[in-house]
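Chain nomenclature is as follows: A, B, C and D, assigned in order of appearance, with residue numbering initiated at 1 for each chain independently.
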């Protein structure tokens, strides 16, 4: 009951966020001038105080695993040939966080410190998929 | 219907705002909802903290491309850690969003409610019209590969046949509304065109031609609703919601008389009764009648009893519905002129009530003599209408 | 005394598959039962109808179009609330409180058996930029939350098994509990943790169900029913649908419950039984905490001591909950209202609880949402 | 003042340059037709149109429903109706479902059935588009043209179209 496909715009500030991943290999967070919060995922409004947001700021790239799960089924419910670790990762002084994969890890733990591993810069397209995974520090 | 007209709590509109209406906007649905909400709150002099509840209106999830679209829109609509609800009556949703906001306050449970409508239609590929096949019955209608325009064309042609109405008379609506929209700062399809331009435009589904139709659009619009107690405190010029009405006819449109919208008559009567209006043609100052197609404005004027059956084209021809006429219809420019991001377009009409009553409509301003304005929307399988009546 | 009461409720289905009816026919059968109970004619007596449905759950782009005939609502004020059915109930409640309506019908249904790929529909509710790209089954959002919660509270899979056993066995006396079974704890422990750390036992399955509820003003309720069930208070609340922004929290439920407690001057002690969302076993515990039926320090002990069982002092999900009845999509809230309606009228047969005079219902819209509704019902005793 | 936020409009060409996210959904249904429509489809396969009669208001409902929406009661019996009707409305479509130009124009409309007054069927009508444009087709009598029995599958397309009954 859907269209054949969708082409979503990502919004003006999220576009900057994705471009900074692509061009600088850096995860940045949105900064709300009004309430002073840094937050992820990036959107051009502040969920918490209801004001417009149009600034990104650099953040510590080191994240902390808040939770993880070994993903065995894909979005169709089919078994994956290569299961992977899905994690929820938070960053210092940042509200919210990111969902991503963990790599180079045998036994993940909650509280584990990780950092992003990016694709080669020429392969990056401006997407969260430009990050291959997060690996333990 | 034994609707009780002894409403306990009066409700006022104290702020309105909208985004541009365009074919394609860069913002996400949440961001568009946010922008309209922010502008509406600012115009009311209120902050997100003041909002006690949020009502969201949006048409099919398949357009924006989100299941549970109301959930997706909620934090953009200032709904974070608040009661948020989405209502949905097809194309009639925009006006209905304001009605749902009204009952939050009329119930006495809330004092300040934000009503937001949003639509993003150009996410869907290859064309958003393809999605409309899913509005048809999956078993007895979808297999015929219908296009959305078919049903409207069938209704339009039945209307033309029954009352012997000419296409050139219908085209006058498109000419008027697109011209009115030249004065609307958000307009997408404003233009100075002639009846001839409409009649010569591409035939899509006879009798519907390209310029009979409103465009594919994206955008959002919002109003701030408050209780009488709050209204008296924060503004000298509240716009009161005096009547609300909505009505849904049978799903089986093939067994209904398409030439006349009976459901709109019922919805109108519900709202008129509440507002104490006995003669809409004489008592209304202006009406934002739903006009996704030019014939719909005429059809709806008749359902609303602004014109007798089959006689709306005559009023239009006589200039009554022009902005300087005795009963201006769609002074905003309507969906034909401002654009048609479905739910947002209906809400744009409610915004227009607010601006007109407060003499904030600039060049679009009509004369407020008797005090009443009306906004109406329509949708589903030509089966539902929603009506809001306001008073200065 | 409250101003709005439930005077009739009817259902059809609560089965994994209801191929014998279309969704319209199933709703018609439920509506007929609800109207019969309070002896009303929908064509004459009802002022407004509310259908709770989501397009992608129904399979029609404007599902409101198809909501009207089977309720008896033709040419009446009918509308759709695209949300959890308790939030639809709240709309009916407000329509009556406003003075506009005396009798309002609220309907919700699930025809989940029509859905070929419910997981892809849920993925479609997730954010295209920040969530969908990872291509995982949406239940893993619950997995993340479960691990986080279990670690914080020191709760093990053995503890979750106690909830599974309690609810699935409570359901054995409930004719609507198609998924109720006697539970062998050892088998639960051995089951594969496919949604690591959760197994299939921890996750309620979908069910087909049609529920119709009739609301009335005080005056009408007292005239039409000798056993009205009063709505004492309700509230609903959303945090953010974006999981990475929100993290793992039930703050919105906590706030909704607090509002209901404040408005009704109630606290959990005055409530005889709770009907709350348990679509994931661990979620029952999170919801119990948010409703202040227990707290983070005592939850594990309370669970192990059986305080939430039918014999306990804080009865949770005596109906069997979703783990036993299945999840009827957005009809879940009304399904729980139906269970409470029977209990409060002393009509629950073998399931009947003693002294069931007041119930608190808490519903959730499931992943990826953070939308909750809370409703307090009482029989006025 | 009319308060309008200056959202960012994106042109067709510009859209190719900005970052967008492509997504291919997969959402499928297996609808239960239900008791009334199942029989309807079965009878279409047999080359017949069947309705349900409400013995309270005496209407025959086509397509059949298990319930009468006016009386709110279960309908009472199955009734076959002739595959003939009167054109209630008709239009000429020059576009396809997803708004592309159609190869050839197609006439569709609502046919009010002779044996079930007030009840219409939505279908194709095989008639010269000129008759539609001139509105002469309105009120004319039409009859269903069916697929050959071995080709019928129990679908509304078992009726090819309706055509004018020659008088």
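The rule we apply is simple: a residue touches a chain if its C-beta (ideal position, glycine included) is under 8 Å from a C-beta of that chain, and two chains touch if they have at least 3 such contacts.
Predicted model only: the values in this text are computed from it and were never measured.
Engineer: Select, from B-C and A-B, the pair of chains that is joined by more C-beta pairs in contact.
Structural biologist: Of the two interfaces, B-C and A-B, more C-beta pairs touch across B-C.
Engineer: Between chain A and chain C, tell me the centre distance in angstrom, where each centre is the average of that chain's C-alpha atoms.
Structural biologist: Between these chains, centre-to-centre, one finds 33 Å.
Engineer: Please work out the Cα centroid separation of chain A and chain B, and write it as a whole number of Å.
Structural biologist: That gives a centre separation of 39 Å.
Engineer: Where the centres are mean C-alpha positions, what is the separation of chain A from chain D, in Å?
Structural biologist: About 47 Å separates the centre of chain A from that of chain D.
Engineer: Multi-chain contacts in chain B: which residues touch at least two other chains?
Structural biologist: Only 24-27, 38, 62, 65, 75, 80, 126, 130-131, 134, 138, 250, 252 qualify.
Engineer: Which chain D residues reach two or more other chains?
Structural biologist: 8, 10, 15, 18, 21, 23, 25-27, 29, 31, 33, 37, 65, 69
Engineer: Two or more other chains touching the same residue: where does that happen in chain C?
Structural biologist: 55-56, 59-61, 68-69, 74, 117, 120-121, 124, 127-129, 132-133, 240, 242, 245
Engineer: Think of each chain as a node with edges to the chains it touches; is that a line, ring, star, complete or other?
Structural biologist: Shape of the chain contacts: complete, all pairs touching.
Engineer: In the complex of these two chains, what residues of chain C are touching chain B?
Structural biologist: Per the stated touch rule, the residues are 47, 54-56, 59-69, 73-83, 87, 90-91, 93-95, 97-102, 121-122, 124-125, 127-128, 235-242, 245, 251-252, 255-256, 365, 368-369, 371.
Engineer: Under the stated contact criterion, what part of chain B meets chain A in this complex?
Structural biologist: So the residues of chain B in touch with chain A come to 24-28, 30-31, 34, 37-38, 41, 47-49, 62, 65, 75-76, 78, 80, 123-126, 128, 130-131, 134.
Engineer: Contact residues on chain D for chain C in the complex?
Structural biologist: Those residues of chain D that touch chain C are 21, 23, 25-37, 65-67, 69-72, 74.
Engineer: Across the complex, what residues on chain B touch chain C?
Structural biologist: Per the touch definition, chain B meets chain C at residues 1-4, 6-9, 59-62, 65-72, 74-75, 79-90, 96, 100, 103-104, 106-109, 131-132, 134-135, 137-138, 244-252, 262-263, 266-267, 270, 379-381, 383-384.
Engineer: Can you tell me which positions in chain C touch chain A when the two form their complex?
Structural biologist: Going through chain C, the ones touching chain A are 55-56, 59-61, 117, 119-120, 123-124, 127-140, 143-145, 147-148, 151, 194-197, 240, 242-248.
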